[in-house]
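Next come two complexes built around chain A: one with chain B, the other with chain C.
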Partner chain A sequence: MRKSEGRPWIWLLPSFFLLILVGIIPFFILLYLSFSDYFLLYPDIPRVFVGFKNFKNLVFDPWTYNALQTTFTFVGIALPLEMLIGLGLALLFSRPFKGITLLRTIMLIPLVIAPLVTGLIWNQMFNPDFGIVTYLLHSLGLFLNSGPTIDPSTALFSVAVVDIWRWTPFVMLIILSGILALPKEPFEAARIDGASRWQIFKNITLPLIRYPLTVAFLLRFMEAFKIFDEIWIITGGGPGDATRVVSIHNYKIAFYRWDLGYGSAIALFLEYITIILCAAFYKILQKSE
Partner chain B sequence: MMFSRSIEKFLIYLCLIIVVSLILFPVVWLILMSFKTRATIFALPPPLFFNPTLENYITTFVGKGYLKYLLNSLIIAIFTTILATSTGSLAAYAFSRFKGFVADNHFFFWILTFRMTPAVVLIIPYYFLWTTLGLYDSHLSVILSHTTFALPIVIWLMKGFFDGIPRDVEDAARVDGCSWFSVFFRITLPLSVSGITASAILSFIFSWNEFLISMIITRVNAKTLPASITGFVTTRGILWGEMAAVSVVIMIPVLTFILLVQKYLLRGMTFGAVQ
Partner chain C sequence: MSQEPSKVGRRNFLNYLVAVVATGVVVGVGTYLAIPKESIEKTVTTTVRETFTKTVTQTVTQTSSPTTTITPDSWWADASKKYAGTTIRVLTESVPPSLILQKYVPEFEKLTGIKVEFEATYYDDVYAKEMADFAAHTAIYDVLYVEIEWLGAYAGAGYLFPVEDMIKEHPELTDPNLDLQDFVALDERKYKNKLYTLPYETFGYLYYYRKDLFEKYASDFKKEYGRDLQVPKTMEEYEDIAKFFTGREPNLYGHLAQAKTHNALVCDWQNFHCMFGSPDYEKNFIDPNKMRSSGVVNSSWAVEALEYYIKLLKYAPPGALTYTWDEAGAAMQEGLIAQGPFWGDWALSMFDPSVSKVVDKIGFAAFPRLSKNPEAKTMNGCASGWGINADSKHKEAAWLFAQWTKRKGFDAIWMKDAGVLGRKSSVNDPLVQEVNRKFGNLFTALLDASKYYYFPLRIKEYSEMKTAAEEPLGLAVNGKLSAKEALDMLATRWDEILKRSYP
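== the complex of A and B ==
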């Protein structure tokens, strides 16, 4: 008994048992379902093996392409803005001021609030009839007969604003921890040499915080790619398909059209992308060690 | 010189205050909404002063039985936390101490992918799995499902903590005849209380906030508070006040936790990339 305790497997067993039950078995269920025709609407009809039909669908379905495109547009709007504003705020919050610790703590609030609740708050504020944001926009003469979330041309941008509200503090805090850990010497040397603020920022600060910047970028990319709750509560993927990102698309195919076969194929594809993104993140983490 | 300095200082303070207000406003707005009557919520422009009422809280938690969902949420989050923290710490210890066993790097990476998997990928197989096993709408199924996501957080965070504990003490104890397990429980664990607290709280926050999976695999019996929110969309429109009251209750524990673990929150959310 004593000897076996020194082996890693004993320690890993409980976790692996759990992960096999809730992580590996589901993966095989997905694989199995993605090769069959399975409509929950007609549970009596037996599931049939259909080969690669669902995957063929996946490749040639313009609807899924649209959802992917919407997702990347969403990430393309939210992510650069979060990085830029986050960097700016990190520089601002890195100054030693009275009460700055309290302000930094307040910045943590959006991170821990349930995404669902975030969605609810902004849904109410965007409400075309009585939302405070719409009210302010109306008084500026904008969106007079609609609201930012029910106008198809601005709906995606509106949910991106919610994402920016929620996640910019996260980016900011990651970069801030990088800035606070910077060594003092190169900055003093540069100041003595008469370098301007912009030069110091561009040539010293930015290269030195490359690591936190990359971490923030990748983590945000992964999270933004799988966004569901907020968009689901605010627009439900509408108006039309304007905010139908790939998570919502997948959900609607599986639980609105009840086409679990095709839904599983899309899910497998999403998992594949997730693994690629994780691999990139893991490489960067290891490099830093 | 002095003059421009103080102007700069003033401007920075102004910026900081604007940013913090923008972050706080939606949260405060929600809390205010939960104390408003239906008529006040719809009033435009929004009144600055109003008579606060507890009506929304009473209707939902006393009248409509949301107390049960609150209890479900608590049970599920607490048991997810216990399950993930206990099994996850053991695994993290293995990853930290037994370097170089078969494919340990691959396993460690593999665990990360679970945390990053979109919930929507897992809802189809979970629905299928739990109905087949007869566990649909049970607390156990939600707890196990949430553990998929909580466990990787614990393993990654705890590995960082264990790496920071020097091995010399442990080795000395083992030379004196202590078994691996007694070294772990008597020496390593007491040294990593703050890490365990942080992991536990992060697991709790995750499970407490989770919406999509709970919505799919529960109906009445094991329904959690977030999953119950959709019930406020009625044929008479959305019941904003009551929805706000439930949202505030969802927010209370996580806001309390920020103060306790703010140091480790970021570390846990970035898988130790930020120390």
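== the complex of A and C ==
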């Protein structure tokens, strides 16, 4: 055995150093700031420890409450649809047919586009005056003198459509990799026993792909819960506060009002709520097994 | 409110020319005798035509006014000798005036040996980058674009090195012909009576209108309203025209608004707020005795103003609820708008065929006023300046660059392409006047409009107050709150901010 192979921690050092630098240290700074009064616009106001003041403000701030409600609604619309469509597409692409490689590649295009660019593209398509989506809706007699992103009742659903368009291929990819790795024997045995397609799917495929499904669900939940880029570009959180999800609320507090104390408290709260919900989902899924 | 430029006959012109040359000779001889020999070498009095070579774009001939004294290139080269090889970073907004200036940066580099990294980005990003740079004391940027509404916050926090101090501490690096009084709206760059930034550009809202449509529908309008269709002087006339044009042609609207829940909406609202308020515009936002906003921004006239703003939205494109200045400018360029208030720094882009469908069809004037409140200010003024980062390690080089961009002689060349105001002396420059004639009396309209400009409050809380106004106003224009409810919310927010500094 070579000498260096006996010290694996040496090889871990670069990643460990990076983790400390971009993860651990910023987290403790965030923690410190969330218990302080810190306004970047007013450096003359001393940066003092204020205990739970920022968290107390958070609980009684109707804007934060509204933003959380909007975020849950957004996740509630986008996530189930992404999972369902992703599963359907994964099943479709799990069987060989002519042109499958080309189609699969095309399906992945939304994933490789930067979120900012996605936002810009859809912003133009939703443009109430000359956007293609608005034009098509107008020709169907819908949203006349309006547009899907400027009507407060449909704006959130519109940005959820963008999220579904962008992330469904990701869900499909994870589930597809799970399906393609499944053993063939249980399926052959089921077919010999005369099981229908639905029975095979319900009793064999679905239980066997529960892990990729769980991974896709949790990853998408975490991402959808902190969505920012697309909504920021398309609606900026409007009209009014119709699409003001909690990340946009947080950004406005921290980088528009430069209230870094309160902004940090919201960020920390967002972090914990994501962790707690993910842990809860994981437990539920484990129990259901 | 536009004025026809006076015509000068050939005989008069020759008389003027002789007078100009004679004055120049007298001034030149006087200056020669009055100033020590070495400094004469650094100053050139332009009494005759002077040719500037634009190394990047084209060669133009510019006639400066007889009294304009231009600092020669040799002065800049001498002053910057010590700083040759230094690299400075400039951060500004990516709007036409800055993008035009950017073309001339290699000239400065060649002349002084100072390397300039010129970064132009969108408005919100400029603010975010500057604040991050200040907070971390990283001094990434040396020369900063300072929008008037940020000035109070930056200066109050000590983030800027005052230009006034730079002039005092470094007379040897200060352009002998800087002539601060020559800048439009100089006082708007002061915080607590101290000059913090070097005036860069001054402009404001203007009334944009489609000359072609006004001509085309003149008789129809007269039939319907019994009067001529002309540039409105009052808001009542404006509203009639807005109503008349909306839907007159497919995709044509009679009003322009920037009503996205964004800074742009606050700017738009302020025009109408001040229109209904006192000509002493600062009192429309804060009660100076109490340093509170309640009872002022949510008073009955203020509610009426916001209701009026919302009422006019029906004449604007539906998309106006998602417009900031970028989308509003695009709507104007697309030909969707027959008339409306809009920022003046976009004016010349309306004549650029690569982006505009309304080339040669746009005219400009001052925005109308309410007939019941004719003295009120109605247009948001923007007076930005070059600031020097207090943390910068290259303040001297930064100062030289800032001055070079605003030097006499060059300012007119920049102004004619930028379409905004710089120096007062540049307005009468033949180059600028030519652009004025060609492009809808732009500069005449800007000067006319400047009488009705109001400027953001120069208090350190203003920047935060403006941000805090976005949401209540956004909820009002989207019908989730009444005008009164929104303004009550706004007043409460502003009071909370003010309480911190004025308990």
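As a working rule, the second predicted complex is superposed on the first by the 265 of 289 C-alpha atoms of A that agree within 3 Å, B and C clash if a C-alpha of one lies under 4 Å from a C-alpha of the other, contacts with A are read in each partner's own complex, and residues count from 1 in each chain.
To be clear about the criterion, a contact is a pair of C-beta atoms (placed from the backbone, for glycine too) under 8 Å apart; a residue touches a chain by one contact, two chains touch by 3 or more.
Since this is a predicted model, take the numbers as computed values, not measurements.
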Partner chain in contact with A:P14 - chain B first, chain C second, else both or neither: first
Touching partner for A:I132 - first (chain B), second (chain C), both, neither: first
Of chain C and chain B, partner touching more chain A residues: B
Which superposed partner A:F93 touches (first chain B, second chain C, both, neither): first
First, second, both or neither for A:F27, with chain B first and chain C second: first
Chain B versus chain C as contact partner of A:T274, first or second or both or neither: first
Touching partner for A:G236 - first (chain B), second (chain C), both, neither: second
Contacts of A:P148 with chain B and chain C, given as first, second, both or neither: neither
Touched partner set for A:W165, first chain B, second chain C, both or neither: first
First (chain B), second (chain C), both or neither touched by A:V117: first
Chain B/chain C common contact set on chain A: 129-130, 255
In the complex with chain A, residue positions of chain B that touch it: 12-13, 15-16, 19-20, 22-24, 26-27, 29-30, 33, 41-46, 83, 86-88, 90-91, 93-94, 98, 101, 104, 107, 109, 111-114, 116-126, 128-129, 144-145, 147-148, 151, 155, 179-181, 205, 208-209, 211-212, 216, 226, 229, 240, 243-244, 247, 250-251, 254-255, 257-259, 262, 265-266, 269-275
Of all residues in chain A, those that touch chain B in their complex: 2, 5-8, 11-12, 14-16, 18-19, 21-23, 25-27, 29-30, 33, 89, 92-93, 95, 97, 100, 103, 105-118, 120-122, 124-125, 129-130, 132, 135, 165, 169-170, 173-174, 177-178, 212, 215, 219, 222, 225-226, 228-229, 232, 247-248, 250-251, 254-255, 260, 263-264, 267-268, 270-271, 274-275, 277-279, 281-282, 285, 288
Contact footprint of chain A on chain C as seen in their complex: 128, 131, 134-135, 153, 156-158, 251, 260-262, 317-319, 321-322, 327, 331, 334, 336, 460-461, 463-464, 467-468, 471, 474-475, 477-480, 500-501
For the chain A and chain C complex, residues of the former touching the latter: 40-45, 63, 127-130, 145-147, 149-150, 152, 235-242, 252, 255-258
